[in-house]
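Next come two complexes, and both contain chain A; in the first it sits with chain B, in the second with chain C.
And now, the complex of A and B:
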């Protein structure tokens, strides 16, 4: 059962990456959250043919990857979820928009080729930015930042609890699935005669356990809100850092940096 | 059905965040009002289970393929629509952040397409009316409930997936990012999701039937009869509600489909020659869509977009700017590579020191 097994190892991997020590890891989570949001919105908002304008946005991952020490290879593996979608949806541009806009030597470059590249690059860059956020911030700190932004406590607590249970459930289901498949050689998945009971049993057991868990949490003083350790106040230093970073991103969005640089030489 | 950030324009993505955020806010308020923080661990466990359960393959009899579980219907049948919606939001967020399934900016749209329809539409328009209906009243009550659970799950999954798929197409087209024609995209999405919905519905109903056999009190709306809460809604009324939904959805679809016989015309959504904002203003005669609304939307977008009137520079694409763009991009690439190499060098030095 590769998918569920892979999911378990990916979760552990992301957890390990977020625990590393680096200047980026130690930034206030709210700074990272706001800068990531600004970066994604600015990147996604580039017009569909503005390749030279969009290209300088790669400076952000180029800066954050080495500073945080996150291996690029882990991020590349995440792309497999999004690349088929981008390729299928984007490839229509290649066929439907065939006006030649300029030539590179003898090779005519069509508007479709430009918009496909922009679309693809946007998808990859946005994904990289959210990956970098999660890979450099532990979930507790991310949740603390979300609380600071005013997200309801119930939603954030649910998010934190669910994330913790996900790894437990994945392990449990992985064991069940392996046990089932070992007893059902040549079968691709769960036979329809046990469709209901396979997940149903685990569901009932888990819901009972959740009720007990809630009682024990209450006995330890749980009042519906989580306490987040290790997340300081949003200081002046953090505000300046956020403003400068967001300012730089907005600058890259508004000014065609490639043309500006190229203009100096051509 | 998870959408990537690149498919959406920030305006559409923002609008979907507002829509999903409102639904989430309402759900949180409702949950608090019902004083159900005790539900939190149950919700977390159920959503974690659904998250992991969606990775299990269920063999579809007679075919070589396998299907998966439908999260929205299962969670709202177990936890109710509000708690179910919040649980789905959390599942989608974890999928987005840790597995790159769907983008962070597109999260609002994904929550709407997959959680809102599955939980609210699925619950209020399908699960509850069907479970409260007097269908199969000539049968013994347990057998009738079993049939009703099966029918509700299957219809619920099919309809909510169709709505979700349609929303994906609509949101993509409104964003005007790709040249993919509206009609062709829809013709691709809807039938696939019809098949997926049927299989997911059957798997979901199997799990719900198991829960019904073992612990019927866990399911929402199922013990209504025992509690003496007999809904007055007859089969006819239930069918009328369903028919209204179908007419609404079908009408909405045909409004777009019939006026674009070849579907390709919708490519003008992404037509480069009329500017980005102008794309949004549909021609009333050709498309049967009120252009007043479209104009207003275009207006808003024009005022909020960073560079509203930008199009491929046909008129100003002098060789000079193109070349400087390419040269500049190359310099940026060199700078980026330089930063990456230097950054790695300094980190290693720091680590050694």
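And now, the complex of A and C:
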């Protein structure tokens, strides 16, 4: 598969995941948005060396993955580009902070190692939580939730249409790339001498299509304000669910579970 | 009823595409708009919908097509685009059909009910939850028609409804068109299709109406067709291509 194929299919893969049916998928999008936000804030706010406190936060993805039927492997695949980045950013601590805090057998564990692990874990957990939100909620429902939170309509519509038009552009890019490669066998990618005209054409074609799409929206009464279907009122049931979930997350944040459990056995 | 009087349209200054087109389309008619590529069929439709500026008069049910009337005009004229890919912009068929309904103020429940009904009328209920980008050409065209029908327009404009479809899907579209009880305006150079679906034909050439009459008469007139860059419908071709 070429890069472009892959970009297109990744975009669609997320769409497909979001369309699955599961108890998590059918939750009100605002519940998921609020709980995810609470989770990210709580996770990110753990102190630099609090590995034992952070550990129980793994419970959240450990619950949501099986409940939503989203394969962990897809999530890992999406993160393959980010993981090295996290590692590189975090690894400075390894060298800068070399105080030994405890030993595992003969191996001294430095403060740097602990803070690196905490940083890395925080990063992965926050990314996973966002991934789970997007993978279980269609873009429209997400936008509806954002509107309910009072974000300006223009902003949310812009966000939504950007995603739609990105796929238009990828479609065109894909078609042009195929046409090019068919007539340039044996070439790896597109020769730099035609980048200019290639990009120009891509832009023109995408703009034409975008203009026609926009016309078609206008013809069906679009006036700059998206109406989102399938998003019911935020019911009492949803409020309770949000409160309980956020409460549980805050509880995990404030109470050091690992230490409590450890304390039982000492 | 749609009235066009002396309509001029241009994309580039000094190079008009429609050069004084006049035409009346009466309620309940099916009319075929034929002409070679570039004759101005699509442009004429876009002008009727207020998508491009024009001079002259276009009246839809007595309302002039201009900014203040766009909403009403577009409610009575449904437009099926030539390229369904550019018509369907929501992720699934259901959402796409519901899009227009929600914009016109229906509640989600009403809109979904209407969607179910239109899809089942067209015999494509099974496409409801499907992703638009995974539909075949024929399925896409049918979904696009559903999205337009759901709005209950009194007129339906179709631009090349059978282009890029295989014979079976083409037949499905023709049967669908025949089953629609509205004023139909179909732009096409597929004259066989026009012959099947439209009683009246209007031939457009270089932005002007050059002939207007019963399809059975115009579409069997080889000289008329050929002088306007068209060919006899295939079914009249028994005697072989022109000249033999």
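Simple rule for what comes next: the second predicted complex is superposed on the first by the 235 of 266 C-alpha atoms of A that agree within 3 Å, B and C clash if a C-alpha of one lies under 4 Å from a C-alpha of the other, contacts with A are read in each partner's own complex, and residues count from 1 in each chain.
Here is the rule we go by: a residue touches a chain if its C-beta (ideal position, glycine included) is under 8 Å from a C-beta of that chain, and two chains touch if they have at least 3 such contacts.
As the structure is a prediction and not an experimental result, all values here were calculated from the model.
J.: Is this a clash or a fit when chain B and chain C both end up on chain A?
T.: In the superposition, chain B and chain C stay clear of each other.
J.: Using the touch definition from the top, say if A:238 reaches chain B (first), chain C (second), both or neither.
T.: A:238 contacts neither chain B nor chain C.
J.: If you stack the two complexes on chain A, which partner ends up touching A:158: first (chain B), second (chain C), both, or neither?
T.: It touches chain B, and chain C stays clear.
J.: So after the superposition, what angle do chain B and chain C open up at chain A's Cα centre, nearest 10 degrees?
T.: Spelled out: centre of chain A as vertex, angle of 100 degrees.
J.: When the two structures are overlaid on chain A, which partner does A:217 contact: first (chain B), second (chain C), both, or neither?
T.: A:217 sits against chain B and chain C alike.
J.: With both structures fitted on chain A, tell me whether chain B or chain C touches more of chain A's residues.
T.: Greater contact footprint in residues on chain A: B.
J.: Quick check on the superposed pair: does A:203 touch chain B, chain C, both, or neither? Answer first, second, both or neither.
T.: Touch partner of A:203: chain B, not chain C.
J.: Minimum CA distance, chain B versus chain C, superposed model, integer angstrom?
T.: 11
J.: Take the contacts of chain A with chain B and those with chain C, and give the residues found in both.
T.: In the superposed arrangement, which is not itself an observed complex, chain A uses residues 164, 209, 213, 217 for both chain B and chain C.
J.: Can you list the chain A residues touching chain C in their complex?
T.: Those residues of chain A that touch chain C are 12, 15-16, 19, 138-140, 164, 167, 171, 209, 212-213, 215-223, 227-231.
J.: Once bound in the complex, which stretches of chain C touch chain A?
T.: 46, 49, 51, 70-71, 74-75, 79, 81, 83, 85-87, 89-92, 95, 98-100, 102-104, 108, 111-112, 129, 131, 133, 147, 151
J.: Which stretch or stretches of chain A touch chain B in the complex?
T.: 1, 3-4, 7, 10-11, 14, 22, 36-37, 40-45, 47-52, 55-56, 58-59, 62-63, 65-67, 69, 78-79, 81-82, 85-86, 89-90, 92-93, 96-97, 99, 101-102, 111-112, 114-115, 119-120, 122-123, 126-127, 129-131, 133-134, 152, 154-155, 157-159, 161-166, 168-170, 172-173, 177, 187-192, 195-204, 206-207, 209-211, 213-214, 217, 224, 253-254, 256-263, 265-266
J.: Okay, in this complex, where on chain B does chain A touch?
T.: Per the stated touch rule, the residues are 2, 4-10, 13, 24-25, 28, 31-32, 37-38, 40-49, 51-53, 55-61, 64, 66, 69, 78, 86-87, 89-91, 93-94, 96-101, 103-105, 172, 176-181, 184, 202-203, 206-211, 214-215, 218, 267, 270, 272, 276, 305-307, 310-312, 314, 317, 319-329, 331-333, 335-337, 339-344, 346-347.
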